[in-house]
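A, B, C, D, E and F are the chain letters, set down in written order, and residue numbers restart from 1 in every chain.
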Amino acid sequence: MAELTIHLNGKLVPESQATISINDSGFTLGDTVYEAARTFDGVPFKLDAHLERLYRSLAYVRINPGLSPAAMEETIREVVELNRPIIGTDFWIYIYISRGIYVDNIRHYMPATLEERPPTVVIAPKRLPFASLAQGYRNGVHAVVPSTRHTPTQCLDPKLKTCSRMHLVLAEYEAKQVDPKAWSMILDVHGNIAENKSGNVFIIKEGELFTPTTGSALAGVTRGTVLEIADDLGIPARETTLQPYHAITADEAFFTSTGYCIMPIVKVNNIPLGDGKPGPIVRKLLAGWSKRVNLDIVAQAESHAR
Amino acid sequence: MAELTIHLNGKLVPESQATISINDSGFTLGDTVYEAARTFDGVPFKLDAHLERLYRSLAYVRINPGLSPAAMEETIREVVELNRPIIGTDFWIYIYISRGIYVDNIRHYMPATLEERPPTVVIAPKRLPFASLAQGYRNGVHAVVPSTRHTPTQCLDPKLKTCSRMHLVLAEYEAKQVDPKAWSMILDVHGNIAENKSGNVFIIKEGELFTPTTGSALAGVTRGTVLEIADDLGIPARETTLQPYHAITADEAFFTSTGYCIMPIVKVNNIPLGDGKPGPIVRKLLAGWSKRVNLDIVAQAESHAR
Amino acid sequence: MAELTIHLNGKLVPESQATISINDSGFTLGDTVYEAARTFDGVPFKLDAHLERLYRSLAYVRINPGLSPAAMEETIREVVELNRPIIGTDFWIYIYISRGIYVDNIRHYMPATLEERPPTVVIAPKRLPFASLAQGYRNGVHAVVPSTRHTPTQCLDPKLKTCSRMHLVLAEYEAKQVDPKAWSMILDVHGNIAENKSGNVFIIKEGELFTPTTGSALAGVTRGTVLEIADDLGIPARETTLQPYHAITADEAFFTSTGYCIMPIVKVNNIPLGDGKPGPIVRKLLAGWSKRVNLDIVAQAESHAR
Amino acid sequence: MAELTIHLNGKLVPESQATISINDSGFTLGDTVYEAARTFDGVPFKLDAHLERLYRSLAYVRINPGLSPAAMEETIREVVELNRPIIGTDFWIYIYISRGIYVDNIRHYMPATLEERPPTVVIAPKRLPFASLAQGYRNGVHAVVPSTRHTPTQCLDPKLKTCSRMHLVLAEYEAKQVDPKAWSMILDVHGNIAENKSGNVFIIKEGELFTPTTGSALAGVTRGTVLEIADDLGIPARETTLQPYHAITADEAFFTSTGYCIMPIVKVNNIPLGDGKPGPIVRKLLAGWSKRVNLDIVAQAESHAR
Amino acid sequence: MAELTIHLNGKLVPESQATISINDSGFTLGDTVYEAARTFDGVPFKLDAHLERLYRSLAYVRINPGLSPAAMEETIREVVELNRPIIGTDFWIYIYISRGIYVDNIRHYMPATLEERPPTVVIAPKRLPFASLAQGYRNGVHAVVPSTRHTPTQCLDPKLKTCSRMHLVLAEYEAKQVDPKAWSMILDVHGNIAENKSGNVFIIKEGELFTPTTGSALAGVTRGTVLEIADDLGIPARETTLQPYHAITADEAFFTSTGYCIMPIVKVNNIPLGDGKPGPIVRKLLAGWSKRVNLDIVAQAESHAR
Amino acid sequence: MAELTIHLNGKLVPESQATISINDSGFTLGDTVYEAARTFDGVPFKLDAHLERLYRSLAYVRINPGLSPAAMEETIREVVELNRPIIGTDFWIYIYISRGIYVDNIRHYMPATLEERPPTVVIAPKRLPFASLAQGYRNGVHAVVPSTRHTPTQCLDPKLKTCSRMHLVLAEYEAKQVDPKAWSMILDVHGNIAENKSGNVFIIKEGELFTPTTGSALAGVTRGTVLEIADDLGIPARETTLQPYHAITADEAFFTSTGYCIMPIVKVNNIPLGDGKPGPIVRKLLAGWSKRVNLDIVAQAESHAR
């Protein structure tokens, strides 16, 4: 199979040659912001929203990407075009921007000079795990609440998409201890539902959608799209504070993220929701999504899964 | 100047060729643990303590390094020997171990399988910033308390030495806003002093040392050594809870870390401690350190600074 | 006076014989969920809502009641019919379901086997304290904020109706220290108003109702009914975060609970609200309630009080 | 087999007839304090310490037991003597004291009058689960950190031994989801180790014992005895704040409680401590305990287990 | 220049003679509540709202001002009239009411008798700093997040306007360390935006206004007026929880307070918002304010600044 | 009776003329630090410790008193000498230092210039309430835990002796609601015992003293002296975290403060400690204090009380 093409600091390189220095602060400090967009029928979805959020993250962490949003967008579209013949119609596009390589090794003393060095910019397509998606759409997934809590906003704000994510990996492992196929449903330090390791949580109760506010969760692009679709379908939706009680006693629930869009939750901490199968509203929302992108995303996953 | 030699996954490579894949979870997730040791007169100091802590971190985050502690130690010593002729007598040795490269790109769904892939192991010497050290030993540094708080132990325990450190970079930037030469003195979410971005904090009041417990701070190897030296010198020392009040009204204060050992603090939030110069006890401790390692560390820094 | 009839594990027994084993986990661990409904004119009010919440509690704590909701409802209605001739038209109906008796005494080691034993199911009518209610409707009650805080949701979620209620008894005692007739107004650990010991809190400011969200308070059935009545009467209402300041500076305030429906608060921490008498909106809501259940609840209480 | 004899409110009754009213506040509110002592070679161990703590709990929750400590002790010893022939040499003795039966049913309004009613006093022997103990002493147990947190002292102080324990049952269930034989290691709301569901936690690091302070944990009688034994054996011990990191990276660890005395922990969250077997210091402490009570407690458990 | 006239405990005195005893609890304990109103074209603005809040504060802290709201209002208007000829058309009016002078000096023991003494009532005009205002309206101000947090409502509720404000002075100093012209943007203990030292915070994102709820911020009269003006102008507005991320990534932002009404924020922690100049919506709101009070407040400030 | 003489900004004035401007930031912002010393047999006790703490407070809040510690001490001694003939042998000496008078009224904008103005310095003797003291020494006092919490160190550090004390007044009022003679025992936001409104808390259990650490309490000079006296008397003492449970179940307890030195607590929340009278150890400490200052402080209070 031909190799994927990666944009790395202004150059196009085959994936196997897309490497960064061990002195890159993205490796030594998790000092990177990122975005993950995906395509539907080959077209990047809501790329503008992803780019806007990327530049918000960059401003907050004070990394100058060296590219205007317009130049960034053009570059991304170029990478998409180059890889489509190899990777297939639909895939993820990841953008990583780290603070770059240290000129010398005195990082512990001179962070103020970090800005003088050029950032590291990576634009990379990644394959979507359609087989897993198909299984999830069909049977739903098991959400487990781990003991590890999400970082408070005054420490590392979950609204920032950074690559300092060790705590999320640890939380995910804890959930996997209960069930190797479980997905984490992570709480904040007050015990409110925050996120899963890279997506948002919704619950459905008496025909209404509820999702945590962005106080302790990323303002996900997919989350925003679900709120739009719910509005189109006349399903009321509210941002509020939720606890495990709300999830465990919900009629239905689901995760949202760029790659899978909407993933039904059918069990929380081994307690089944309803009859333990993806429910009517979550299926309505999945259908609404497919309509929105003019592509049956469940069928697409199923076809790749075969 | 000749290039440094890096150990990378069992191979020795010149620094410029020491690179990792953009698919390494150390880059994409900050999913790396590390240690930083240093040499005195060419000999790695307390390497056993660093290795023990490294293996504690590895166990906690469930990364199998693929090397026994003994093999790891031998490898490190080999890297030290190879680089001494190039880098000079004394330097840092960094060890980074990430969870490695994703075989496929479905990381958001299949973390349970991550253990099947080999980890990424890096052993790298780094130059010590002797000129900065000399200036600090001579004049002391300015500590500033940033608004950003350290992560609570239930989120990402500061006792783990991981490379998910974006929040520490942001805290350091905040301190640098007050004074480009300031060092951060970071609080935990309760307002107690935790650490600086990669070292511990001590204060001195009426002849006694105080340092935060490991409840919200790394159990630094240097911190431990200072406690030993204080004991040797008959200086009483206590682990306790400290707040900015304690630091601002201290007689003396200092940071500890592997690279600089002991760094006098002479000002906190622009309020000078005592007469605003490194005080008698911190200088006694620096002298105690030099005696301990049979090397005048202040003179060494001064000599390199010229 | 004839004895009341209690449903106990499938049997009907006189109240004096309705006893549980000292080995019942409801006695040894407070390991019981419950509901309290009441009748108006002999008819249980919103029994479906109470049952739905009961089964939510059961699912959350993993007790299998051994009865479907329909069978439970039928049993409750039977108990109501049997007791009406004895207790009078209107009364409380309590349902308690504990995890049952330990087969052996090794509870500290084998909780995983707890599910093998049958639960303890109690359905019991209880007399309403009409004399107290009448006095309260007439003069209002004094709310006092105790020092003891409500349990956070991550410890024991107030949305669960369990019989582990010692902290609420202690909070109530504290309020009674200030005034033997005071009712507690309990805060959560952040200082926000949560509940009273078994009911919800509402305040009224400039014609609008405010009540805490279910983040730190039970989603009371009576609370829900008051929101419906307010909507009928065109009184705007909002769920939000409230603190003692809001209660102390309110125009009016009241508690809600199944037994008394709506109880005016006329004083908070000895500071009178308005003129220190039940105000116009709370009286409007009481009238709205009476209309809703086709029974003048204030007159009923007064008539029993004579 | 002959029935055990229970003391119930001044009378001696066979266990099958030891029942309490469904109107007992111990059943309806978890409004009970308790103690659990045990015998060694037929003699209750440190009964004075248990009684002292019992009367501290009673004072705090304002229940008057109606018996002086001396009368209580005499009654307990009588129950022990009566049951020894039936239950065997060694067993638990549980004492439960609830606030008693409601004269009428208006508990939601009149708690101030609760003190007028007599309390419910239960003294009951319970069989020790020797087979489980033997297995635990031999192989150690698996500790798992649940997501549910212990109640803060300002809500329901863990130092109070009450029967409002639903949250501990829920925490234990969570641990059992990971491993049906796991024991919970419960954190407080700050993420510090508090207790297991009815015992204390110790960790051992470099030859020193560490246990949480009584800030968030019961001052266990067994815990106190272990500190005494450690002192006798010259093992240094410290009360401090501990987090899961300390447990996961400990050399050894154990739980303490009245029934099992000392129970080795060999795995935390599936991460083995040391070689995954009970370690030398925990075995030394077990031997110290046996010496203290003049009875080989491990051998006793093994003999019963056969 | 003629002296201002101050109302002091029922007398009118020149400012230089308006003094309070060193035994006044307003000096020794910060035991004072206050209000700050201002005039537009010589007329006090929303004096009724300020008086209502003043009497709420008085009730909460249990100070009896000895004057009815109507008498207070009349007195204030009298002070306004007397000073207008001297101070110019528009100015601040401060009202301070402390608990008064201690009859004897045993304050540490007998606070219960404090109410017997008369309060201290001060009504004082103060000059508006028009030059500073003009500069702020033109260029905007720099907001900096200090490390010091606002007091939680369970300690000292920010909704109370008291003169115990040392923490706000300290927070303001911290902000001034970053930039001598910076204004503090103070967080609560959870890291949510609370207030600036004496005003509220608004951010603007995609055409919508957001401001913190009164959970951790004063219900400012100016804040309320801005919400009314926004409603008039068809600008949607929401009370919610905000963090520094929201401010740093906002399109526009501003402070509100009685003196300056609306003050554009153009930079947060040195990160510029938009193009770093007061934006279109904040200018629209300023214009809306001017229209509301029939006075171009920006022009007024500019004219005084010259 | 002759008037007391007050030092006010370098001048000696009679108490009735000791006044400050209504524009003093000590009145408008509680922007004052203070100390309270007292004399024994006419000699100020530990004046050096009080001065040292005063200058720590001044440094922290950035007020320059304009007097060296030596000049301050000399001035205080002069005030003592002048007042002794009038006030009697023993009395309090209060020192207040505020940031001074605003030159103009733009305080909301220009705090950075505050330092240009001279501070307000007050040195004032105050009469000791000997009658109250005598009664307290004889019968002990009642401690009540209020709902209001002490300010966290990250908001307003209790270690700072400032005059922003409204929250302490409110807490004291709450305690007085339970019993007009009660003294508050204030908790921090975690529910740990902090202080009373202006003094420290000690409890005694099994012959050992315990007092909260300075994490949430002032490092009282009297507190320090009690620790010294306990050491002299061979009574072990420990600084630790305490909760109401520790106080309620203590053998004895007491408050400490400059004026009364040691005040026995005999009841907490209406629950008596021991036999409800001052216990043997607190009396031993009182005797130790009298010996230390060569003056029977209990007899002195009694003699004044007659």
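The working rule: a contact is a pair of C-beta atoms (placed from the backbone, for glycine too) under 8 Å apart; a residue touches a chain by one contact, two chains touch by 3 or more.
Quantities reported herein were computed from a predicted structural model and do not represent experimental measurements.
Peer 1: How many steps does it take, at the fewest, to get from chain A to chain E if each step moves to a chain that touches the one before?
Peer 2: Minimal hop count between chain A and chain E: 1.
Peer 1: Name the chain whose C-alpha centroid is farthest from the C-alpha centroid of chain B.
Peer 2: C
Peer 1: Over half of the interface residue numbers used by both chain B and chain E, so same, or under half, so different?
Peer 2: same
Peer 1: Expressed in ° and rounded to a multiple of 5, what is the rotation angle of the C-alpha superposition of chain E on chain F?
Peer 2: Resulting rotation angle: about 180 degrees.
Peer 1: Farthest chain from chain E, going by the mean of C-alpha atoms per chain?
Peer 2: D
Peer 1: Please tell me the distance, in whole Å, between the geometric centres of chain A and chain D computed from their C-alpha atoms.
Peer 2: Going by mean C-alpha positions, chain A sits 45 Å from chain D.
Peer 1: If you average the CA atoms of chain A and of chain B, how far apart do the two points sit, in angstrom?
Peer 2: 32
Peer 1: Multi-chain contacts only, two chains or more: what residues does chain E have there?
Peer 2: As it turns out, chain E has residues touching two or more other chains at 62, 147, 149, 152, 154-155, 160, 187, 189, 191, 244.
Peer 1: Going by the touch rule stated at the top, which chains touch which?
Peer 2: All chain pairs meeting the touch criterion are A-B, A-C, A-D, A-E, B-D, B-E, B-F, C-D, C-E, C-F, D-F, E-F.
Peer 1: Note which residues of chain D are touching chain A in the complex, please.
Peer 2: 144-147, 149, 174, 177-178, 187, 189, 191, 244, 269-270
Peer 1: Which bits of chain A are touching chain C when the two form their complex?
Peer 2: My answer: residues 187, 190-192, 240-241, 243-245, 248-249, 271.
Peer 1: Which residues of chain C touch chain D in their complex?
Peer 2: Touching chain D from chain C are residues 6, 8, 15, 18-32, 34, 61-62, 92, 94, 96, 98-99, 104-106, 108-112, 122, 124, 126-129, 132, 147-152, 154-156, 160, 162-170, 172-173, 176, 180-181, 189, 197-199, 257, 259-260.
Peer 1: What part of chain C is in contact with chain A in the complex they form?
Peer 2: 56, 59-60, 62, 152-155, 157, 159-160, 213, 215
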